[in-house]
Every structure is written in structure tokens, then in C-alpha cells.
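First chain A sits with chain B, and in the next complex the same chain sits with chain C.
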Partner chain A sequence: MFRRRLTALVCSVAALGLLATGCGDSDGGTPAAEKGTGKITFWSFVKGSDKVAEAFNRSHPDIEVTFEAVPSGQEYYSKLTNAVKAGTVPDVAVAEFAQLPEFATQGKLEGLNDRLGPLVEDHFPEATRELVQLGGETWGVPRDAAPLMMFYRNDFFTSHGIDVPTTWAEYRTMTGQVRKADPKARGGVLYTDNPGLLTALAQQAGSQWFDTEKDAWKVSLTDAPSRKVADYWGDLAGQDLVHSLSSLDPFWTSVQQNRTVAYVCASWCAGAQQATVADQKGKWSVAPVPTWDGKPASAMYGGSSFVIPKGAKNSAAAAEFIKWITTDPEGMKAWVSTGTSSMFPADPRLVPVTKSAFPTDYFGGQDIYAVGSESYKSIVPGWTWGPVMGTTNTAVVDRLPKVADGGTKLIDVLADAQRATVEDMERRGMKVAP
Partner chain B sequence: MTQPTTRTAPAPRGPGRRPSVLLSKAGVTAMLGLAALYTLLPMLWLVLSSTKSRQDLFATNGFAPGDDFALLDNLQYLFEADNGIFLRWLLNTVLYAGVGALLATVFSVAAGYAFDKLDFPGKERIFSLVLLGVMVPGTAMAIPLYLIAAEAGLVNSFWGVFIPGLVFPFGVYLARVFSASYVPGEVLEAARVDGAGEFRTFCRIALPMVAPGFVTIFLFQFTQIWNSFFLPLVMLSDEELFPVNLGLYVWYSSALSQGHPQDYLLAIVGSLVSVVPLVVLFLMLQRFWKSGMTAGAVK
Partner chain C sequence: MTSPSARAQRRTAALLLAPFFVLFTAVTIAPLVYAGWMSLFTTRTSGLGFGGAEEVFAGVDNYVQALSDPAFRGGFVTIAAYVAVYIPVMIGGALVLALLLDTALAKARAFFQLALFLPHAVPGLIAALIWVYLYTPGLSPVTDFLASGGLDIDFLSADNAVFSAANIAVWEWIGYNMVIFYAALQAVPGETLDAAKIDGAGGIRTALSIKVPMIRPAIALAVLFTVIGSVQLFTEPKVIYSASSSIGSSWTPNMFVQTAAFTHNNFGLAAAASLLIALFAAVLSFLVTRFSRSRSKP
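What follows is the complex of A and B.
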């Protein structure tokens, strides 16, 4: 049902002339049997991309991949947008889940149904598939999922007799206990420069920031679950029970200086934690992310997929490459060959590959991939990313720092972001349901 | 440099004409002091952070020295990382900014001189086109330039970044002003009477006379290209062609979120190294720069 509505939506956008691509099976397409050969270029900011390209070139003599490093963040997406405009795109590019719909609805990506067939259906669970399939077409192949987890200082919790929280009510109690045990320490962070975690927590609570209704987008950044999450975190920040920090060096400095002893993050944080604060080895553990009702529920904070931008010269070979780096055990092995990445593969069958590559003595030998797997399974399905996430995210980030000083409420930040998002969508000619 | 020096006698202060507190000597000094802090504190942070080990970088205060002095290790690491790509980036930047700005300055001075001293049809109209170019910010030009470069097949090539750096409308405007104030028409008359051609007059007579202006324009354009970010970002994909700021940004942007704190350190040390040439250049050319800035002030 949902998918049919999206088809109608994407097609109606196409009718407006905003989407250059055809819809569903109306696409004449290239024969699926065509075998890719020749040269392709590959843009990515994901660590290990160079290793993956090398490994692919070694095992696939018919295709030669040239890897080109790009910066991450909004700069990358404007670079990719302009490359599509100018017709100078790479054959394969990375796209985070949050940005994929923006590119797909603007007709900047090549549909992959014809090239890859049921690959995405065969390999990925529904909650992940939904992120790359819009309007009946597949626009990207997921590489890593980023299920939420809670990281905490085992030594600190044990020595002060603090219990690991399983619900958000208990989490609040925990932050109070942490502050009492050490006035400088806090049991969490509200990032001032990164909306991703807040979005994930809203998704976990059952919020649907974006949805489609008939032929229009529905934007609800301030629905009831979202409000609950915003009030909760706004209160924690206002009461100084959690830090309000930039997710870059101020956050890591606070971890290094023992001022952050617990935080919610995704699977990939394990590698970052281990590399950035190496001397706290053995002191950290991982737990499932707390939930509102005690039943397992999770969401994604990050995660990436690979796409073929519109205008790619060699999409047959590009599809081969994408298939290998996302669903082939050898490809997955190449991603994690340095042994420093704790990325969680979007294809659950590849978990053993990444798990065996990431030593967990930093986490006292704990099986963090087991926690990740449980979290991945319990991701609340039905999430859709919006078509102007750049605008939405900027609107949130611009106002987030004011929440910490008590200048504004977190829910008002979301309300402002809602307004900015709707305005931008209407300006771009998209239909927004009231 | 921050101490204002007033040579002229202070204006008479009648009871009705008290200058505001902000304009008093102490007020001005305080404001300049603030401005100096604003400029110098980030530099201080950069210098101190560059001397720290990765551990100290997060464990110690940003404005305090670290426990270990790791500057030399960091530098060695910087120049060895990714097969010494950083040196390559530095050389690229020197080519883009150094050679580019030099050529841009030659063109600007020649054009400004022509606008000032020569007569040709449509002169003022063309000059207003130049002024129009001054008002369009460089960043706004990046996308159109990129699309043109795509047509011309210059995307992801050295020339895609180098050629746009050769055009500097503000330099043409400055050069016209400099030419008007530094090069008296009588001197050119004399040169012509002595039989020098136009080109010879420009090269031998006018150019040496506008030398301070030349340096000013050069420094302006040099910093502009050195700092230019968006154009190389969209234009270049081959790491070997990156200017240093783009390369540093690639290191920096994915360092912490993807768990590569060593890249973060690289970006910090690399930033320090990449501002050194700018500082050296400004110190060396300061004399010219200052005289260029005040050219024509008393005329």
C-alpha cells in the first residue's frame, strides 16, 4: 500500500518534470544480462573505500575501478548534484540513507531494478529496503546499517553501583546517579551540531517525520512521539543531566577526560571509541539502547548505500561493483580489512565477516555484534527520509545550540525545522499535505 | 601593530564635544586588542594542538601545552601519510595560488593601466563590466565555471582550477586607481617623445612605478586563490590535483565520525603547515603592501 502511494507520488513528481527518470516498468532499460566490463570511477568518503577498490580490481580483471576520495557532509552532496548537472558523474557513488530520497526524487540516480533484479529483496530486511526503494524502483544498495546501542563505562557504573538502564525512565535516573557520583561526569550527550541522533531517537519512539499521502508529502517533525523525545532530551539538557556538546572534538575530549561515561550511538561508534580514546581499553561496554516501554525497539543513526548517478558512462560494470562491495562476503571483508571498523553490514548474513575482523578486547571481549544484531532486528519499520534533508538538518542544527542555554525548547527547534522544510519543498514544486 | 599612533594633536575638547568612550584612546586600544585576540587565539590553539600527541589532543586543554612535545613526530607523520600526498597538495596550491596570482596580477595591471592611460572606444562601458565582475562573489561563480569547464572538458584537471584564478576584476579596478596615482601622464609623454612604443613604455616605465600596487594586487589574489574552496571542491576529484585546503578537509571531514582520530591530527598539523607560507609571504611583502594600501590617500 505504502509503496503504491509512493509510486504515485514519484510519478506525479515526474509528471511535473522534476524527475527525469521513468517510473517502474515503463522504463525500457538495458538488458539485465549485459555483463559489465571496462573502467569505472568510484566516489566515496567511507574509510576503507581505497582498499575495497583495490581488492575488487585484483579479483575482477575485466573491470578497473578508480577510487576518488571526496569529503563527507553537505559539501559532498553539492558536489554530486553539480556533477549530475554537468554530466561529469562517477559511475558509482556513496549516498547516506538520509540523502538518497533527495537524489532519487530529483531524478539524479539511475534505477537499479533492471540491473540488479531481486538483489535488494534477497539480501536486506524490510526496514533497510524501505530506505533505498521509492516508488517501486530501487535507487541504491545498502552497505552498512547503523543500529543504535548504548555505550557506557563499565568501571564507573560498577564502582558507583549504577544499574544499566533499559528504559528511558531508568536512563534519566542513571544520568542523575552519574552526576551525583561525579559532579563533572554526565551520562549522555545532546549533540549541538548533529541532528542524526535526535532523528534516530524520534524514529525509535515511533515518529514518522516524513510520509506520503496520495500524491503529496506529509511532514510531521512534531508528531506525538517526536514531541515526547524532544521534551525528554530537552529536559535532560536543561537540567544539566547530559552534556550539550559538538559531536566532534568537544565530545571526544569529554570522553577522554572521563566527563562522559555513557552515551547513545550506533554500531560504528565502537570503532571510533576504540581508536579515539585508546587508553580507556577494557573500561567500556555496550548495551541495548533504552526504550520507552521496555520492549526492544531501535533505529538507525547513519548508514550508507551505493548508487549509480544519472549519466554514468558504464552502469553495467558499476552494478557489478556495487553488488560485490555490498553483498559479497569477499567485498565485505575488504571493507573491514584494517580491523578498525565496527560497521554493521546491512546484509545480516555478512555479520560473521565483520564480526571476525573487529577484535573486541577494547570492550572486554564482549560480543558487540550480538547487541548490534538484536538492535538491527528491532528497528521500527516504516521510516522514510525526506526529500530536502539538507534543509531539514541545517534548520535543526542552526537552532540546537540554543536548547542547551535554555534559550529555546527542543520541540520549538523541530517546529522551526518543520516550517523550513515545508517552505523549501513548496519552493521546489513538491506537493505537501497540510 | 595594534598600538594606534596618533601624531596629530588631539582635537580641542570643549565641554559640549566630548568624544564617546568608544573613540577614546583606551577604547580604541581595547577594541584593537579584542580584534587581535580574535585573530591570534585560533592561531595559538593551532600551534599548541600541532605540538600534541593524539592522546594529549583530547586529554588536555586546547590552550595549554600537552604533556609530550610531539610536533616533530606529527610533522613526520604528516609528510609520510598517504605516500606523502600532503607535499603534493602544497605544491599544487603554490602553483594554483602563486603562479595563478602572478599571472592574474600581470593581466590586471596591464588592463588597469590601459583603462587609465589609453583611450579606446567603449572604455567606460567595458570598465563598468569589470566593476560588475567585482560585485559577484567568487563562490557564486563556482557553479557556472564548473558547468563551462564540463563543456570544455576541463573538469578534474589542473586547468579547471588554474584558469579561473587568472581573472581578477577587483585587481583591474585597483590597478586603474594605482596607475592614476603612481604614473604621471607627463612621464609617459616623455617616454613616447623619446621614441618608446606603447608596450615598452608600459614594461619599462609604468610597471616599475606601480610596483607597490602590483604587490598589493598579487597578495589579494594570492590569498583569494589560496583560500578558494568551493571551486576546487566541485571541480576536482583526483586527489593528486587537490589544493591543500581541500585535501585537509577530506582528512578532517570523516576523521572523527569514522573513527580515524589520526586523520584529525593530520588536518590540524597540516593546517599549521599550510598557513606558514602565507605568513612568510605577508611578512616579506609587508612594506609594499602597506604603501600600496595608502596609495593616493593624500592626493
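What follows is the complex of A and C.
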């Protein structure tokens, strides 16, 4: 009921010529109206995917989804790339936001404008829409967002009289206080193997690494906000005020051993924290991510969407399935039915669904979804992922460890990555604005 | 002219050789030709790129790009450093162990032979994973122990990675090569050894002046295989990279190829780089063979 009213609202706005989407698509003649039936295959590495497929099959007798588990990370994207080449693609596949443009620019995805109509406009806020709509086409439907928040050890902060920082200046002070209180403990981490958090912090500061201007990409990994963020974190790492660690085992080990007592991460870290360090139950709290000027500002660190790869045999049914698992409350319920997940739905109206499934006792009863919602609302819009993120990310990651050694400045790492990115884009024939 | 029996013989030979050539063509020649074909193409798109991409002929561009990439060339420097550490330790170690086993003094010969060979039975990937666990600070009992003694070594840092990778490989291959050397030592004629003993040569003298020279072909072969294997170094550093990115994604030539193909989606460049590695290994094995043959001539 509510959704229909909203669709009508959006359509009336569109009718005024403010939105360039066709709202007439949903009735008759166009592919969007053709009801999908039959069999589809579904590739995903996201937790709960099997349960979602089962739940969908139960409630949709016309469509039969076969779920196939795939590895996460780079292996998965190689597998999907090869499948497109070989013509053995699934009908539905998961794609993280950061990887989406690369797939789209390689011609590996089906455009979804015709099939889904205004679905993405109806359900997702601007900052999230911009991640899946590029070059006038919709390439994926968002499932989860990953707004930033700060995790900290409430017990440690209280017993040492440390205030929870709200600005980055205060955050720096906090890291100093933490180290003073316990020489082994640190109040933050600069990941040495994962550029995602650094990227999110740049976005939060207002940076736009990638942008499209007419028919050319603009690449600016070293714009003023990025420079500010790079200098700040490079300094924290250089002064040994934060750890320099791999985001995998070494990071979680440091949390376990009380050596990391505060860190910035996304909403999904709440579930990971709870699952990985179960014995620190009740000691952790969540706070909004610090900002530069004290006004709320956030960004996304992670998040995923669902796509229809080019060559899919049953895209009509695939679209039905994608719609259900991303925007239907029942679909969202199925995602979180498997156990503790602090997944934050990209569709803000579905937050109550995931919230009710997340036990809050680990965080001392705190309403972490409220923190997440505030963070989600304040995400700085305008961010777009680039078309060669594989290259951009390896260029950053390969040089990141040298920052911790003091051998390189963080901003120089970004400058190198900028060069590698532009070079690769030009080699692929893309236009890059100077 | 040819008698029926000779013809039958030839037919049998062809029949027996056929499976080899069929497989050789299917799994070596065909992929090689395909890689050669792929290396001549590159993916091009235009504007923002959302209009899709197409494969276009690139000539030798991919080869030029590979050769001019410092990351690719740097991979060979890594291999050189690795070989310089790995070959003396591994071949030298295997030789010493084989000689020790071969002495009359060695007790429980069968036990040691098996015990030393056992690590080779562990697949390289599994071994690398276990070693990475032993290398990772905070997880590893070894680093904890060293740290408690005041010795802070980061086995996963870029500076130590050559040693860390070589160490994994040494454990894996030392027993294997020892068995080969030990087998070769069994072929050293007893009369020669008896003669040496009569001439008054001790154990060490016999080993250095009689045994080692006599098994030189086996050593040369082991070095050859090890060098070629080293050029293709991949598993150990790849696993190290997954635990700590400090060595970079293109630390060895094969890692460069994998990154080019599966992270950068540049299959043309990956194919060109693969063929360059194959060429390099071919030239290297030719040189090693020539060198060891000229050395082993009396």
C-alpha cells in the first residue's frame, strides 16, 4: 500500500519532467510487465543466500531458483568474467558496489532500466542509487548498504576517562589517550591490505575519486579532501597512534587481545565483531563516525547489489527474484534468518526487518541500527566507483604497507594509484578528462 | 621394401606413442597456440565505456607493455634473489643429507629416509598455509617465542619474504632431492670406494672427491628442475600475499600474470607475459644444461 503510493508520487514527479524515468513501463507491452517464470540460477557468496533462495522458491511457485555458492573476493569476479566469456552465466549474481562499474564497462551486465522500471528510484536514497546507475543505465539493484560507524570499548573508555570523539581532531586526541592508558593498546587501525576503509574516509571528507562528465571520466584520487585524509591517517600511523595491520586475522587477533580498543568500520562489523570476539560481550559500544567539522557526515565501506549478467537465459524471472530479495520485507527477513547478521538494508524502509533480527545484548542493549540509520542518512552523495577498480585497488594495496614502515607517504600512494588507474583506463580506450 | 614384420613394428610404435602425442597436443601445444593468439589482442572500449567492449588486434603491444612494466621485470629480480638463497640451501642440504645417509655410520636409515621425505608428501599449498600461520605475528607460537626472546622478526615483510618463501620450498623439496641423490649414490661402484679407502681417504675426503663427482649428473638434473620450478614460483608467495600484502601483487612473474588476467582483466597482457616467462625458462634450461654438460665432461 505504502509502496504503491510512493511509486505514484515518484511517477507524478517524473511526469513533471523532473525525473527521466519511464513510469509507464509497469503496464503492458514492455518487458517489465512480462511476468517471469521458469528456472533460474543464482550465484552468491553472501551469508544467507541459500536461505533466501529457499524462501523465494516457497513463496513463488512459478519460478525455481537454483542457488550455487561461489567464493568471495577476486576469485569470484574472475569466475563471473570467465562465465560471461564462456556463455555459462547464472541468471542472477551478486556484485559489490565497488566492482559494479568495472563489470558494466566490460559489457558483462544487462542494463536493467527497461526491466525494472523505477524500482531503484522508488526504493533507494540518492547516494546509493549513484552506485548502481551509471551512464544513464541501471546495472544492479542494491541489497545492503554499509554506513560507517565507530566501534569502541566502552569499559576501557570509561575506566580511563576517555571521551568518545565526535571530530577527527578529538579522535587524534583519543588515540593518544588510549596509548597512554595502555602502551600496548591503540585506538584505531590503518589497514595494510584493504583500501576500502581509506576510500570510505576520503568519501566522507567530500572526495570524489571518480566522476562522469558527459562522455569522459574524471579521476581525482588526490583531490583536496583525499589529501587531508591521507595526511591525517598517514600521520596517525607514522606516529604509531594507530596500528598498521592486515584487516584479516591480525586485526581480529588484536581486538581479541585487547590491543585494539576502538576502530572505524561499517555496519556489518557489528555482526563480525560479535561472531569473532564473542567473549567481549557487553564491552563494546557504537558511536557515529567522527567528522571533520562536527556535522554528521558518513560514507559507505562495502555493500552489495544484485545483477543480471549478460547472456542470462531467463532475465524476466531473474528480475522478479532480484526485486524480491532486495526490496521485499519477506525477502529481507530471509536474509537475516540464518543467524547473527548486522546487515544494513539499502532500502531504508526495511531497516525494522533486519533490526528485529539482530540481538543487541552484545552491545549492551544499544540500538546500533539507530546509529546506522543516522549514518546512512548523512552519507555524502556524489560518490561513484571507477571502471578499473581492480587496478586502482591493487595499486593502493601494493604500496600501503610501505606507509606503515615510514617509507612512503600515504598521499604518494594515492598519486601512484591515480597514475596507474588513468593509464589503464586510457589503454582500454576510455576517455579520461584531464 | 620393408618387411611385414617391420611395418607391424612401426604400427605398434605409432599406436603406443599416440596417447602421448594426443595428450601433449591437447594440454601443451593447443594452449600454447591459444595463448599466442590471445596475446595479440586487447580489449577496447570508448567514451565512458558503458557501451560495451570489443577485442581488437594489438600486434606486439602486449609484449612491449609487459617488458616495459617495472613490476614484470621486478619479478625476475625477485626470482634471482630467491634462487640465490634457495638453490644453495636446498641442493646443498639435500646433498649433505644424502651423503650422511650413505655413510656406514647412519643408523635407522629407512626411518630417516622416510622422515625427511615426508614433508614432500604435504601438498605445496597446504604447506604454505601452515607456514603462513607460523609466520603471522600474534597467531604464531614461533614469532611469539622469538619476540619473548627480544627478537622481533616480521617474516611476512617485503625484506624477509625471499627467505620466508625459500624456507617453505626447502622443507618441501629437500627430502625429495635427497632421495634422488641417495639413489644415485647407490650406483657408485663399491670397488671405487674400496680403492679410496685403501689409498687412505677418510669419510669426508671420499664424499668430496669420489661420491660427489660421480653423482654430478644427478645434481645437475636436480638444479635444472629447481631453476625451472623457481621461475614459476607462485604458490608460496601467493599465500604469503594473502596474509600480508607487503610483497605486492606482482612479486613474481607468475603472480604478475595472475594479477593481469584476473584482477586487471587484461588477458592479452597475461598471455604475452606467460609466453615471455616460458621463453625465459626455455633459455635458462638450455643454458643450465649446456653449462652442466661441459662441466661434467671428463
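Before moving on, here are some points about what is shown:
As a working rule, the second predicted complex is superposed on the first by the 402 of 434 C-alpha atoms of A that agree within 3 Å, B and C clash if a C-alpha of one lies under 4 Å from a C-alpha of the other, contacts with A are read in each partner's own complex, and residues count from 1 in each chain.
The rule we apply is simple: a residue touches a chain if its C-beta (ideal position, glycine included) is under 8 Å from a C-beta of that chain, and two chains touch if they have at least 3 such contacts.
If you're wondering where the values come from, they're calculated on a predicted model, not measured in any experiment.
Three-chain overlay on chain A, with chain B and chain C in a clash. In the superposition on chain A, A:Ser78 contacts both chain B and chain C.
In the superposition on chain A, A:Ala370 contacts neither chain B nor chain C. Once the two complexes are overlaid on the shared chain, A:Lys47 sits against chain B while remaining clear of chain C. Look at A:Leu248: by the touch rule set out above, it reaches both chain B and chain C. Once the two complexes are laid over each other on the shared chain, residue contacts for A:Thr192 go to chain C alone; chain B is not touched. By the document's definition of touching, neither partner reaches A:Ala224: not chain B, not chain C.
Judged by the touch definition given at the top, the superposed model places A:Pro90 against chain B, while chain C stays out of reach.
Of 37-45, 91-99 or 235-243, the segment of chain B running into chain C after the two structures are fitted on chain A is 37-45. Shared interface residues of chain A (contacting chain B in one complex, chain C in the other): 75, 78, 248-249, 253, 257.
By the touch criterion given at the top, residues 74-75, 77-78, 81, 102, 104-107, 134-137, 192-193, 212, 215-217, 246, 248-250, 253-254, 257, 387-388, 390-391, 393-394, 397-402, 424-425, 427-431 of chain A touch chain C in their complex. For chain A in complex with chain B, the residues that touch the partner chain are 41, 43, 45-47, 68-73, 75, 78-79, 82-83, 85-88, 90, 247-249, 252-253, 255-257, 268-269, 271-279, 340-342.
Across the complex, chain A is touched by residues 42-53, 65, 136-139, 157-158, 243-246, 248-250, 259, 261-265 of chain C.
Across the complex, chain A is touched by residues 55, 57-59, 143, 146-147, 149-150, 155-156, 233-234, 237-239, 246, 249-250, 252-254, 256-262, 264 of chain B.
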